[in-house]
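Take a look at these structures.
In the two assemblies presented below, chain A is common to both, partnered first by chain B and then by chain C.
Here is the complex of A and B:
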């Protein structure tokens, strides 16, 4: 049954695509809003050959990883600091929560002024959006560690550093990983979004280009490609998480 | 081995606070098995934390092998009331944890861990995660992990309190076996009278608010304490005498808690 479930999901999506194809054919859905799935699929080779979608894909992935990695490093560090110093936590955690809910991407003109129309702007905005969830998840994860586990650590004579490395971190790892997942998700959304807005770099800029040229099948194919990227990104992350779980 | 002298612990302000432990003094000789028994809320866990070096007392001294306790002592092993396995470590890596801290190579520490896993009767479960075990098995993992550090004094705070009656009895037998194999100096905190009588050389009865030691009872039953001993009149007499002491304290505790 467990094996069948993902297959079933895939089948449902395929069915939806087939339905869409027929709905467009029957004139229920306007072809100039949503092109036929067959036309979208036919646009893919063109994107590969003429639009350099692979290089753009690599740009997007590199920017997402840069932003995600920076958010992970800084975020877990900040999260650990907020956990370690309760006063700091009481002062700053509400603000981090506000930041997590704010659509930072709307401030892109400010970042443009600061960092220019460059990859840095894309990465910095994605980093800033990905940081708050990592911080919040890390603090929550550390705080949820059962006190008796810390008492066990202390009874075996662990100092602060060893306690962190051997008890706190492994105990909080699942929660920290939820933060990383969110970091990559927000990172990718913001990278593609800012690329689109400033028309620079990877897949977001390509979607912008194609839509300005009214290349609807191309635009939709590129969007489909972004979805594929995000799916594969999370598959990789899942594998990494399982690997770390076994090793902690 | 262990010496507790005039230990007092107060919580809260001097004007408005609780004296959880009041002027408690006792000693434990090497190889001795001592139980502290008392109604719930009488300060047993507080005393345990102080002896384990996890919490400083308001006043008084605790010393282990002649050295004053100022923090967790390497010669003292602790088993907590709450089940405390590391959920991300397999049974064998939980038990090997103190050996890993000591820098012992993997093969050697696993060999030693296997010995203690067998001692608590969990052979065959080495690779399981705690989430795959029952509560009683997890508590046995914790006991094995503490024993693996080879403490010269073992402290246990109601290690069976959260378990059902049958598991308790089985685990009590296990501890008895371990005691007979290792001759481990042990301080067991419990609220089960039969457990205390069956396992101990001496039982200390604690009072409810303030938490004082009321009586020291020497259990003069032969070892090993087989089923025969447990059903003997002497065993029954010891249980009855402790029960009389404890009933007084427990009813006082209930009356106060009730208002």
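Here is the complex of A and C:
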């Protein structure tokens, strides 16, 4: 039973979609709030041909990776610095934790003032939201390195830099990768969110456009597309993380 | 110490003239902005609306999330069939559902509640399911040997044994629900804190905007710390009971 359960789940969801189709056909569900699933599927080629969904997809991906890569680099660096100097860690880590819990994306009007209504605003907000979790993750990762490894390094007479490169970094690599995953996750959520809110650039703006034109099948299809994009990104990242942890 | 350093750096930046004075106001202007926000009765009216929306969102999304999570965690078959869908949908950006939620719930507060509830739902499903699976099987066997009914098992075994991870789930869910409600308010509304932020932006009243943001961040941090503290105390209580 447990082996075929995933198949059963998939079937149940397909059945739900078919039921929805008939419910709309029978007028039980209002067609003007939920379009027929077939109409949503039929809208996809139109999004490809007329709305340039692929270029928008590339814009969103580029912004996400720019923000995610920057947050990983800066966040790992800051995290390493906080780990290296305990005084700094004691004084700043609580503040980073506050920022990680804060709804930073709400400050988007502020960033609009600073950077104008441009792609860089989107990237900067996504970067700012992704940075605190990456810093926390990195500090936790370095702190979790087994003390034995550090002792071995010291007995070989490694200096600070060599200890960092030869012992700390390899041992903390999986958690650095977890930081990367967090950065891309927060990056994508915030990029799409801000695009939607300020109606600029990639997939988020496309959804806003389509809904303002009351193009419901298009809106639903675009939402489905975004879900598909984020699911595939996270699946790849999850796989990468498991692979790294197995290699340990 | 760190706070003084940060504030000093900010003041230096504000007075240096490197950045626009309006965008990085000196500390005095910030404090005045914060005071204006706190002393302003319309802010509290807005805060009350947003608070109500947030509470409704966390209650609705949270209860549905916990119920779904209990079902997934308690049944291997359900978990194998459906849990991956929740894991996949969990980290997708939820705000894109807002136009659809407006259609379902109208442009009023209901659509903001729905936005927050949808955001809050997924972290709670996943953390509840994980928490339920973490329950000591011995406790379940005891319940079965006492012939507890399913609802008794839920109330007397699952809920007490999972208080700490559940509180942590609520902490996560609260954070994303707050973001969901506030962003929905900035997008389309005529009341609430999100709306007040957009108004300050439209008037280019930067000190006021900073004041609003400081209040929101302070509120989020306070709730976060309180729930985290409660979760740690719950961990302490259960582990003491077991020894």
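Following the convention adopted for this analysis, the second predicted complex is superposed on the first by the 204 of 248 C-alpha atoms of A that agree within 3 Å, B and C clash if a C-alpha of one lies under 4 Å from a C-alpha of the other, contacts with A are read in each partner's own complex, and residues count from 1 in each chain.
The rule we apply is simple: a residue touches a chain if its C-beta (ideal position, glycine included) is under 8 Å from a C-beta of that chain, and two chains touch if they have at least 3 such contacts.
Source: prediction; values computed, not measured.
On the superposed chain A, the positions of chain B and chain C stay apart, so the two partners fit side by side. In the superposed model, A:161 makes contact with neither chain B nor chain C. Within the superposed three-chain model, A:245 lies in touch with chain B and out of touch with chain C [touch as defined at top]. Applying the stated contact rule after C-alpha superposition, one finds that A:26 touches neither chain B nor chain C. By the document's definition of touching, of the two partners only chain B reaches A:151; chain C does not.
Of the two partner chains, chain C is the only one touched by A:196; chain B is not. In the superposition on chain A, A:173 makes contact with chain B only, while chain C stays out of contact range.
In the superposition on chain A, contact is made by A:101 with chain C only, not with chain B.
When chain B and chain C are set side by side, the one touching more residues of chain A is C. In the superposition on chain A, A:208 contacts chain C only, with no contact to chain B. With chain A fitted onto itself, chain B and chain C come no nearer than 22 Å, counting C-alpha atoms only. Of the residues of chain A, not a single one touches chain B in one of the two structures and chain C in the other. Those residues of chain A whose C-beta lies close enough to touch chain C in the complex are 1-2, 5-6, 8-9, 12-13, 32-33, 91-92, 95, 98, 101-103, 105-110, 112-114, 185, 188-190, 192-193, 196-197, 204, 207-208, 211-212, 216, 219-220, 222-223, 226-227, 230-231, 234-235. Residues 1-3, 5-6, 22-23, 76-77, 80-82, 84-85, 88-89, 91-93, 95-100, 103-104, 175, 178-179, 182-183, 186-187, 194, 197-198, 200-201, 204, 206, 209-210, 213, 216-217, 220-221, 224 of chain C are the ones that touch chain A when the two sit in their complex. Contact residues on chain A toward chain B in their complex (touch as defined above): 146, 148-149, 151-152, 154-158, 162, 166-167, 170-171, 173, 245, 248.
Against chain A, in their complex, chain B makes its touches with residues 52-54, 71-72, 74, 76-78, 80, 82, 84, 86-88, 97-98, 101, 149.
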